[in-house]
Structure formats: C-alpha cells, structure tokens
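What follows is subunit A paired twice: with subunit B in the first complex and subunit C in the second.
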Partner chain A sequence: MLCAAIALIFFYAPVDADQGLSQKIFYFHVPIALTSYACFGWGAWKALLVLWKRKPGADLESYVAIHQGVIFGALTLITGSIWAKISWGVWWTWSERQLVLFLVLFLFYSAYFMLRFSVEPGPQRENLSAVYALFGVVLIPISFLAIRLAESFIHPTVFTSRGPQMATSQFATFCVAFAAMILLAGTLYRVELVGKRLDAHLRELRELLA
Partner chain B sequence: MTAYLADVATLARKDLRLELRARNTVPAMLLFVVAALVVFHFALPAESSELAAKGLLWVAIVFTALLGLTRAFVAEREQRLIDGLLLAPCDRSAIWLAKAVAVLGFLVVAEVVALPAFALFFSGIDGATIAGVALADLGICAVGTVLAAMAVAGRARELLLPLLFLPLSIPVIVGGVGASVTDHPARYLGFLALYDAVFAIISWASFEYVVTE
Partner chain C sequence: MSAAEKYVAAAYLVVFAFVVVYLAIMALKLTRLEREVGELSELARRRADG
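Entry: the complex of A and B
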C-alpha cells in the first residue's frame, strides 16, 4: 500500500505549478499528521476504557497508541520543517498553526512518558497514564483554538484561509497516501503491541521460575 | 449538595490552617514573585515596550502558581495524610475541590502583592488584566491540583510537575496575554472561561482515579 502511494505520488499526481516538486512532500506531511491525531485519539479511547470498564490490557494498548502518535508527531515536525525550508526558506515558522500545535502536543506527550516511567507499574500507573491521556485529547482542540487566537496578537496579518483546492488526481493520491499511513501506523501498533505483550508474558514466566 | 460543600469547606479549612501554622508556602510564593519581577526588570532592555513586560507578568504568575502547586500534596504523601483523607466518608472529588480552593487562596494572596508591585515597577494594570488573572487562576488551580496529585506519586516529584503542567498552561498564557495586551479582551476572557469550564469538569471527574488504585 505504501509502495502504491509512493508510486502515485511520484508518477500520477501532477507537479504543482507554483511550488514544483517540493509540493510532493504534502502527500507525506499531511497524512502523517492526520495519522498522529488518529493515534492520540485511539490512545485516549483506550485510556477511557481503562478508567471506565477496567478493561485489562487496555492500558498497554493506550500506551502503544500514544507511542505511535508521538513517533508520527515527530515525523510531522520533521517533514513540516523541511517543507517550510523549501517553500519559505526558514526551518521554523510560528505562523504555521499545525506545526506549532504539534510542537505543543509533542511536549505534552513527552511528559506523558516521563510520568509513566517515574511511577511503579501497577494499577496506579494505569490510572495516572489514562487520566493524562484524556487531558491530552481535550488539550488538542483547546490548543488549536489558542494558537488561532494567539496569531492575532503575534502575527496580525495572518488570517487567510487556504481552501482545499485540489485536482481530482491530487485528491485521489492524497487519499491513497492517507490510507497507506493509517495502515502503516496500524501495523506498527500491532507489532509493538505483540512485542510488549510478549515482554510482559516473559517477565511473568521469569518471576514464576525465580 | 450542602453536605458536599460542607466537606469541601472543612478540607479547605484544614489546608489553610496548616499554612497559617507552618507558613511554608505563601511567604515563598510572595518572595518568589517579587524577585521574579525584579529579575524581569533586568532581563528587559530599556527600549522594550510595556507589552513585553505584560507578557513577562504572565510568566511570573504561572511559575509562582507552579511553586505553590509543588508543595500542595507534599504533606499528603510524606505523612501519609492521603490515606486518612481517602478513608474519610466524603466524595473523592471534594478532596480535589478543597485543595484547588486552598491553592487558589495562596495564589490570590501572592497576586494581591504581585499586581501592585508590577504596577509600581513597570506599568499600570487595567481591568481586563485583572479579570484575565482571575479567570486564569481558576484554570491553573483546577488543572494544577490534579497534576500535582499525579506528580507526587512518581519518583521525580518536583521535577515532574513542571513538565506535566507547562504544556497545559500554554492556552492560559495565550488567553491571559491576549486579554492584557489587545484592545478587545472579551474574546480572550471568553476563551479563558471556556478553558476553565472544560478542564474543571475533566479534573473533577478524573481526580478520583488519580488518588485511588
């Protein structure tokens, strides 16, 4: 799927008249960003299950989803920064809302790992991680709003809306790329989950033996 | 409902009485915020605008609140007070509300000194700034109390709280700075009120899980 997306990106989608070849990074950057949101959302949903239904195993699933989200978030920052360098000539710009939001989220979810690794494993850690993950999913829209509001006193002129004006072939490519990213994230999520579960199982067996 | 409020009042009174007897937190916050303002005077070059100073006022407020929040649950953990509180026949969220009220009290005392000091050192303060500070205090205390309870459970404690709290305080800074430097503060005050409402609800609902296992 990923191969198909890459092929479509480079051979099917027309080269942007204005930005040229560099516009191709759009097909990576935006799907990665959306996938990252999806991971955070999924992690928060699993966190809710931890608190609400006391589902065993949901804690690990929530952690793995957020881990994937942070990895994809870091990739968003990197691809966004490359794109900014090529099209605006700077590595970082505070006027790009999505990038600033991802920076805030990246800091927030890095603190999630700090919290998780400073508490002993057990029911309390599950609860704390789950509550913090829920705070995160509430923080996403609030921060988005905040960054929008902040622009009016930090960058008074930036209030243009770039409509999603894409040609059909571009849109199709975008959809394929998005689906590919979601599948990639899903696969990585599965792999990491299986690994972590094996780890936990192995530890239990070792403890039984010891 | 009245029983709930009576529980909250009793618990908050406990914190205030502890503070009155030991005087650990509030004098530290007062000294910190005044010292921070003096540091900011030297951090700002002479030609920089009043707006920059107002931005720094918000930095001072958030860090002062952080100082108070770090101390908020220390007695609970070190002297195992939290076990007694959890055994008490009251709703767990009452513990959160009482602690948030106590921290809010400390923060307001610190600001009653800090805002006139700011006006003295830098520039005058308008009504919008005071309204912004009041609304921001509510949000900071609501969120901060839950995070402080989380942080004391970890090994790193004092180190952990700023990491947990600062990303969540960014919207408060945006709302507060917007309210104090722009000409139309109503939007920013509205945003702060929205932040307070959303995070107060989620903190109220989730505190029980933070303190129990």
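Entry: the complex of A and C
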C-alpha cells in the first residue's frame, strides 16, 4: 500500500502550481500527523478502559499506542521541518500555533514514558499512566483546530469547512497515502503488542521453571 | 538535482529509514524471543526427563 501511495504521489498527482515539488511532502506529512493523533486517541481510549472497566491488557495496549504516536509525532515534526525549510526558509518558527501546539502534544506524550517507568509495575502505575494518557487527549482537538482558529498564519490549511482545497487526483492520492499510513501504524502496533505479550509470557514461564 | 528535490528526497528517506530501523529492531527482538523459547523448551525437557 505504501508503494502504491508513493507511485501515486510521484506519477499520478500533479505538481502543485503554487508550492511546486515541495507539496509532495504533504502526502506523507499530513497522514503521518493524523496517524499520530489516531494513535494518541487510541491510547487514551485504552487508558479509559483501564480506569473504567479494569480490562486486562488495556494498559499495555495504551502504552504501545502512545509509543507509536510518539514515533509518528517525531516523523511529523521532522517531515514538517523539512517542508518548512523549503517553503519558509527556516526549519522551525515559534510564531505558528499549529507547530508549537503539536510540539507541546509530542513533548507531553514523550513525558508519559518518564512517568510510566518511574513507578513500579502494578495497579498504581496502570492508574497513573491511564490518567496521564487521558489528560493528553485534550490537546489533540486543540492542536488540530489551532490552525483553523488562528487569525494570522503561514501554515497552509488544506481541509476547510468548504472541503479539501485540492484537485480530485491530489485528494485521491492523499486518501491512499493516509490509508497506507494507518495500515502501517496498525501493523506496527500489532507486531509490537505481540512482541511485548510474548516477552511477558516468557518471563512468567521462566519464573515458573526456575 | 534542485534544492527542493533534495529536501523532498530527504523527507521520504527519513520515513523509509524509520520503517527499516523499526523492522530491524523487531527482527532482533524476534531472534531473542526465539532463543529464549528454545532455552525454556530445553529446560522443560530436562525437567520432564528427571
């Protein structure tokens, strides 16, 4: 799916008349950012299940989702900075609310790991991590809407209340890239989760056999 | 190659590198898990033999 997305980006979607070739970064940058939001949202949902239903395994699922979200968040910041360098001539600007809020969201969830690993494994760690993950989810709509609420900005707004501001071929390419990114995140989430579960089972087995 | 082309290539390479590094980490982890399962299986076999 990723290969199909890359093929569409470079051979099907037209070069943007306004931004030129640098607009090609949009097809990966925005899906990565949206995937990052989705991962944080999924992590918060699992955290809610920890606190609400005491669902076994939800804590690990929340942790893995947030881990994925932080990785995709880092990629968002890197690809965004590269795009900013071409379009604005700078790697970063503190005057953009969208950028700063995304950085705050990223740093907030990065601190999740410090909190999690500073507490001994057990119900206390599960509760603290879950509450922290739920607090962070508030930042997602703020970060997403910041660009739309900003009065003066230079960060482009593609998705407005009037629909996507791009050609049909560009939008179709974007949808494929977004689906590919969600699929990639979902696959990595499953692989990491299975690995961590296997690790826990093996540790238990080792203790039983010791 | 123009400057824009270089930056676009860099952006895509970063994402590609992430996928490769992630897969490499997962491959290493799977290798370790396989080794541990082998060790535990050997331990269980010795226990069963008495």
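Note that in this section the second predicted complex is superposed on the first by the 183 of 210 C-alpha atoms of A that agree within 3 Å, B and C clash if a C-alpha of one lies under 4 Å from a C-alpha of the other, contacts with A are read in each partner's own complex, and residues count from 1 in each chain.
Keep this in mind: contacts are C-beta pairs under 8 Å (C-beta built on N, C-alpha and C of every residue); 3 or more make two chains touch, one makes a residue touch a chain.
Predicted model, so just to flag it, every value in this text is computed and none were measured.
Visitor: Touch test for A:173: subunit B only (first), subunit C only (second), both, or neither?
Guide: So A:173 meets neither subunit B nor subunit C here.
Visitor: Give one of first, second, both or neither to describe whether A:205 is in contact with subunit B, with subunit C, with both, or with none.
Guide: After superposition on chain A, A:205 lies in contact with subunit C alone.
Visitor: So in the superposed three-chain picture, is A:143 touching just subunit B, just subunit C, both, or none of them (first/second/both/neither)?
Guide: In the superposed model, A:143 contacts subunit B only, not subunit C.
Visitor: If we overlay the two complexes on their shared chain A, which of subunit B and subunit C does A:184 touch? Say first, second, both or neither.
Guide: second
Visitor: Would you sort A:130 into first (subunit B), second (subunit C), both or neither based on which partner it touches?
Guide: First partner only.
Visitor: Would you check which partner chain A:36 touches, where first means subunit B only, second means subunit C only, and both and neither mean what they say?
Guide: The answer is neither, since A:36 touches no partner chain.
Visitor: Applying the document's definition of touch, where does A:76 land relative to subunit B and subunit C: first, second, both, or neither?
Guide: In the superposition, A:76 touches no partner, neither subunit B nor subunit C.
Visitor: Kindly classify A:104 by the partners it touches after superposition: subunit B alone (first), subunit C alone (second), both, or neither?
Guide: Touch partner of A:104: subunit B, not subunit C.
Visitor: Just to be sure I read the superposition right, which of the two partners does A:118 touch: subunit B = first, subunit C = second, or both, or neither?
Guide: first
Visitor: Under the contact rule defined above, give the subunit A residues that sit at the interface with subunit B and also at the interface with subunit C.
Guide: None.
Visitor: Under the definition above, what is the set of subunit A residues touching subunit B in their complex?
Guide: Per the touch definition, subunit A meets subunit B at residues 51, 104-105, 107-108, 110-111, 114-115, 118-119, 122-124, 127-128, 130-132, 134-135, 138-139, 142-143, 145-147, 149-150, 152-153.
Visitor: Give the list of subunit B residues in touch with subunit A in this complex.
Guide: Residues 143, 146, 150-151, 153-156, 160, 163-164, 166-168, 170-171, 174-175, 177-178, 181-182, 187-188, 191, 194-195, 198-199, 202, 206, 209-210, 212-213 of subunit B touch subunit A in their complex.
Visitor: Under the touch definition given earlier, write down the residues of subunit C that touch subunit A in their complex.
Guide: Spelled out, the residues of subunit C in touch with subunit A are 2-5, 7-8, 10-12, 14-15, 18-19, 22, 26, 29-30, 33, 36-37, 40, 43-44, 47.
Visitor: For a test of understanding, state which residues of subunit A touch subunit C in their complex under the given definition.
Guide: 2, 6, 20-22, 24-25, 28-29, 32, 71, 75, 78-79, 82-83, 85-86, 184, 188, 191-192, 195, 198-199, 202, 205-206, 209
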